[in-house]
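One chain, chain A, links the two complexes that follow: it is found with chain B in the first and with chain C in the second.
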Partner chain A sequence: MQIGFALFNGLTVGMSIFLVAAGITLVFGMLKILNIAHGSFFMIGAYVAYSAIGSQPDSTWQLVFAAILSGGVLAALGLVLNAGVFQRLRNIGEAYSLIATFALLMICNGATKIIWGVNYHSVSSPDALAGAVSYGSFFAPSYSLFIIGLGVLTFLILEIVIHRSPVGKIVRAVAHDPWMANLVGLNTSRIYALVVMAAFFCVGMAGGLLLPNQSLTPLLFESYLLQSFMVVIIGGLGNIRGAFIGAIMLGLIEGANFLMLPGLPGILVYVVLVGFLLWRPHGLFPQPGADTADRVEGMAETDGVPATMPPKLLSGGIAAAVLVVGILASTPFWANAGFLFIVGFAMVEAVLALSWNLLFGYAGLTTFGHAAFFALGAYFVGFLLRQDTGIPFLALLSGSLALGAFIAFIVGFVAIRRTSGIALGILTLSLGEILRRAINYSPALGSDDGLSGIPRPQIDLGVILVDLSSERAYFWFLLAACSLVALALWSFTVGPIGRVLIALRQDPVRAEFLGIDVRRYRLLAFVISGAVAALAGALQAPWAQIVTPEAASYLHSTQPMLNTLLGGSGYFWGPIVGSAIFSGISYATRTLAGLSEVVSGGILLVVVLAAPGGVLGLGSRFGRMWRLGAVRKRPGVDDLPQVGKRAVGRP
Partner chain B sequence: MLEVSGLNAFYGDSHILHAVDLTVGSSDRVSILGRNGSGKTTLMKSILNAGPYIHGSISLDHRDLARETSFQRARLGLSLVPEDRRIFPHLTVTDNLLIALAAAGDRAGLDLERVLDTFPMLGPLAARYGSQLSGGQQQMVAVARGVMPRPRFLLLDEPTEGLAPVIVRQLAQSVAKLCNEFKIGLLLSEQNIWFARFCTQYVHIIESGRIVFSGSWDEFESRPDVKHRYLAV
Partner chain C sequence: MIECSNIYKSYGAIPVLKGISLAVVQLETFTIIGPNGAGKTTLFKVLTGEAPANAGVVTFNGENITRLSASARVHRGFGRTFQVARILRCNSVLENLIIALEARARRSELDRLLQLRPTKQIRDDAVGIAGRISLLNKMDVPARFLSHGDRKRLELGVTLALKPKILMMDEPTAGMSPGDRNATIDMIARVKEEDQLTIMLTEHDMDVVAHLSDRIMVMNYGEAIAVGTLNEIRNNAAVRDIYLGEEIGDA
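And now, the complex of A and B:
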């Protein structure tokens, strides 16, 4: 009987997820964009419905009408975003469109906080759905039956429209070959817009329909985001049948988790997902043209984004580095404690971002779980410092480096062999989430609260004893350590191995033909990157004096990505510039709930859309134009070769 | 009448077509011959506004097309059959043809059965999916799809590339028959002189993005130097 309930609940969960995931699948199938912001659109849909009906809907019909209203509002939003964002993302690389949709996620979440506040709301089921239907000793809540019915209905409608109707034939023709569809006379941009609106309608309606089961807070976006991702990954990207089956599987796994591991809710799905990705990286039903199979190697490549280049001006670089380190070293003399704290964080984040860019900008691998390595190092050092073991601090730092390298070797050895592209991204993301949940459920590591009151250490150099317990002293130590790590990484990237990595990022296939063992070099980059990320965590633990499971969350994993792309992934120093700018923005907007996310997200979105080369890329492009005199003297209309140079054409 | 004048086309930094002028009268059938990389495909795509950046004027029946997008040009009666065919693999042969008819908006179009009859090879394949066709079959479907909306002009881009000689003969007969029967103008880019001669009345030769010879097939024959200079390998 208990199994029956667990299965039924699992099915309810699965259908709820399917309602949300249907939209992601449609958008991916059509635009080949994996929309991370989808969870936020779901949340906005829920809030719109809440605004319409309040916390006590009178009847089922009222709930349904509110859901349709949400769908309409979201469809309008989808129309705007399609024209303003999605259509522009179609010609740039997958990694960049992921980042752009992440920027949308930040903007939506911030806007939600500004519009609806951060307070908790709850909505009860309408009376007609509040009861239960009983059958013998088994009983099912009416609301669950309602959700399951709607899930199946949505699937049937989508299945019939997409696979069995004339409309579906046209939509699939456009999705498969937009160029040719245009040439036979189909208005592809209008069809894109309609499909995106349909997808947004679905997610808005899901927000309204699932309202009664939620606690409505600005964190709602998270609750379905990762699960609906898993569903589309399991099913095969862009495949509505796959998503349906994936959703049922996921629900049943949740049910099994409840029965078998009641103490560790939600962990089994990630374990299963990791296994599944290693087994079938392209999902149950990989679709030609809708999966990532033909583009997996090209994830990091995009037109107009400079590939990582070895630097040319050594003396200028040294002067700039000395200047920056000098200014940073003087910070404790003039900045207040709050600002100093932020600067220290920014330095650590910069090191983390440098380590991530070693993968993205050099080895051509996009991972979404980098924070896991950071958390490994932070917890390792934080835990041992609190235990007062007497192990020298430098030994602890080396230990974190070795731990990061070891774990990265194990993960990389399996992951790089089996997956690439989006599958690698989701795999690393899942591993990060497993770690975060494992920490969450470990009382020895402080569970949800994390480890607080981490003491700052002393360093015994034999001759003198350096006491790092004061804020200033540790800040200078942090600055020295971060500078050293950055210098070491820089000399690595300009060395022979760095050049090999640049080559295989630009063209892995050709690099392979030249006799380069691509996997081995990628694994090497993965190990170094993981080790440095763990070291960054280890350095941060005594600075913050607290480590929480959030250090391992996927939101933290996105920070190095944002910093890198903002600064410019094609430049070794780009991640540092990005970290500085991001920290500045979050410091300036720290007191404004919501606005800070809107501003950071907005800047990120503009950077990805207007300057995929990042701030440094923009700077160097402007500098080149200035030298050529192109800024001052615009070419005449009849100056055809010039016109051609600026023209964007795809062969 | 399809008129192209002063057409320059670019791919990024590369200037592909240089001031090309070309006129195809209604129901005229014209070949464009040229070596690989001479700009034949770029010219075809430029007329449909489907890729290259263009500068110059293109008009159909004295209507300037500068503002029209690809799908609007298709609906006005320009139908391009690209050299890589691009059959929709998830649709059946019949659906591939019908989707072109549905997409063409107000155009009256042709009868499906009559078009299928023109290509003897296609009859038995009508229910096959695009992904299950051989290269020659795909080319037939692509041409059939191209004529379905009864275009004013059919633009065939190297249709014989990679086809067996027997298929080339069948295709030539089908193309000539369709153009005759339904008064469809033809702009054909080719390297196969036999095929081009069978299907068309006039010939233009393109070399490095410039039209270097224009005339009837008789005039072409009387100038062996032209053939030697621009087409021989």
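And now, the complex of A and C:
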């Protein structure tokens, strides 16, 4: 009986997810863009429907009409975004388009908070759907039956339209080979717009239909986002049938989780997903052309690579570094406590971003779970400091490095061997989520609340005892530690191994035929990156004096990506510049909930679309133009006498 | 020097190589020709380790290398160039050569890790190779700004930096102007002489084939139709059949 109920519940969950995932699948199938913002569009759909019907819909029809209205609003939004964003993303690298859709997610979430507020709303199901249908001792809530029916209906409509209709034939042709489709006279841009609108209509409608029995908060985007990803990954990206089967599988796994691991809700899905990705990285029904690994390996034309060697003259760089460190060191004398705190955080985030860019900008790997390493280090140090074990702090920091390296070696050894591209991204994301959930349900690690009241340590140097308990003292220690890590990483990247990584990022096949064992060097980068990320977490725990499971969340994992992209992934120092700018934005917009997300997301989107080289890329472009101007000026008529004089005056 | 026997390879349900066997002897230039889709590039991929064969054995100097990765084969003396030159597009000519030289040096000298800049020796060698491939005047130009012919030459230079024993060249003159093509023929002949190389190449241009090849293998639909010298191939009835209407008879 319980099994039957769990199965039924699982089916309901599966169909709910399918309603959301159908849109992601359509967009991916057409544009080859994995739309991370999809969950936010679902949320906006739900809010639009809520605004239309309030918290107590009168009838089922009213709910359906509200859902169709949401669909219409979202379809219009889709039309705008297709022209303004998606079409521009088709010719840039996969990682950039992922990050652009993440920027959209931030903008949508921020806008939702500003428009609808952060309060909790709930909507009850209409009376006709509030009851249950029973067969003997088994009863099924009418609303669940409603959702299952709609899920199956949506699938059948999409299936028939895509695979059995003339329109579907055209759509499939354009998805398969847009260039050829264009040559035979199909208006591809109109078809793109049509499919994107259909996808957005689906997700808006899903938002409305799934509104009842849902808590409507600005966090709603999360609830279906990851599951939808899993569905499309399991099914094979861009395949509606695969998504449908994937959704049912996922629902059944959720049901099994409920029966077998009631204490750890939602964790089994991730475990199964990790296993699945390692088994079949391209899904149950791999689509030709959906195998994006090749596209990741070919870099976009606009990408730059970081310097392969130390500059000939180090003096300028040293002066700049001394200046920056000097200004940071003076912060405690002139800044208020809140600002000082932000600066400390920014330094740690900068180190985390540097470690992530070692993967992205150097080894050519895009991971979405970097925060997991950070959380490992933070919890390791936080837990042991609270226990007052007497282990020296520097030993704890070394321990966190070793822990990060060890876990990264195990994960990387398996993951890099089996996956690449989007599969690697989703795999690392899932591992991060598993860690976050495991922490969430571990009382020893403080569960949801995390570890608070972490004491700041003392460092015994034999001769003197350095007390880091004051805010100032720890800030200076943090600055010194972060600077040292940055310097060490920099030396690594401009040395011989850095050159190997830059080679394999640009062209793994060429690197292999230079005799470079690509997997081994990628694993090396993964291990170093994981170790440094764990160290960043370890340094942060005594600074914040609290560690929460959010440290491992995928939202935190995206922070280093944003910082890197904003600053410029083609520059070693890019992530630091990005961290500084992002921290500045979040400090300046801290008073209005949602504004900081809209501003950060907006800037990020503009950077990805208009200046993929980041702020430093823009800077160097302007620098080059300025120098070219100067070059052109030198042989000008006005300057000639001077040039001559200088030449003559030379002994 | 390199031998393979009974190589089978299919992409999904489509068989591409159907039992290819060949043996290339030292210092020979062995050319594979055949119509588009004959499986020449796939055979190259199998021999160099870029793609695994479904069945068959590849040996190099008597060692079974069938299961070795491409990089491990490079360590044993493979050099490979591609139809479309694979070079590090964002790096300059000098950096391309330095990275290749370091990749080779690393196998013998691990102690150099703490020295960030390339050694004097490596820089000098890079300049030397740039001279051999006539790119001395473009040392600081990022590879993506090079002309098609220059890219092909740079790729050859990068491969020579690895001091290979056998050079595997997939269509070394694809897409070149006649002038560039003649220069490339001369350059390949010269480096073969200077570095005592064995060369395997695929080629469509019969001029190049005639100038460089010691022996030729003709492939069609994944099978080896004929192996022999230029004259033997010219007089082979099966080959004439495949190339009917093409100019192999009077090349």
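As a working rule, the second predicted complex is superposed on the first by the 609 of 651 C-alpha atoms of A that agree within 3 Å, B and C clash if a C-alpha of one lies under 4 Å from a C-alpha of the other, contacts with A are read in each partner's own complex, and residues count from 1 in each chain.
Criterion: a contact is a pair of C-beta atoms (placed from the backbone, for glycine too) under 8 Å apart; a residue touches a chain by one contact, two chains touch by 3 or more.
Everything quoted here is computed from the prediction, not taken from an experiment.
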Which superposed partner A:176 touches (first chain B, second chain C, both, neither): first
First (chain B), second (chain C), both or neither touched by A:491: second
Which of chain B and chain C A:279 touches, first, second, both or neither: neither
Partner chain in contact with A:187 - chain B first, chain C second, else both or neither: first
First, second, both or neither for A:135, with chain B first and chain C second: neither
Partner chain in contact with A:509 - chain B first, chain C second, else both or neither: second
Which superposed partner A:333 touches (first chain B, second chain C, both, neither): neither
Overlap of chain C and chain B interfaces on chain A (superposed complexes): none
Touching residues (chain side chain A, partner chain C) in the complex: 299, 301, 303-305, 308-310, 491, 494-497, 499-500, 502-503, 506-507, 509-510, 512-518
Footprint of chain B on chain A - complex, ascending: 166, 169-170, 172-173, 176-177, 179-188, 288, 640-641, 643-645, 647-651
Chain B residues touching chain A - in the complex, by the definition given at the top: 8, 10-15, 48, 50-53, 55, 69-71, 74-75, 79-80, 82, 86, 88-91, 95, 99-100, 102-105, 131, 145, 149
Of all residues in chain C, those that touch chain A in their complex: 48, 50, 69-72, 74-75, 78-80, 82, 86-91, 95, 98-100, 102-104, 106-107, 112-118, 144, 158-159, 162
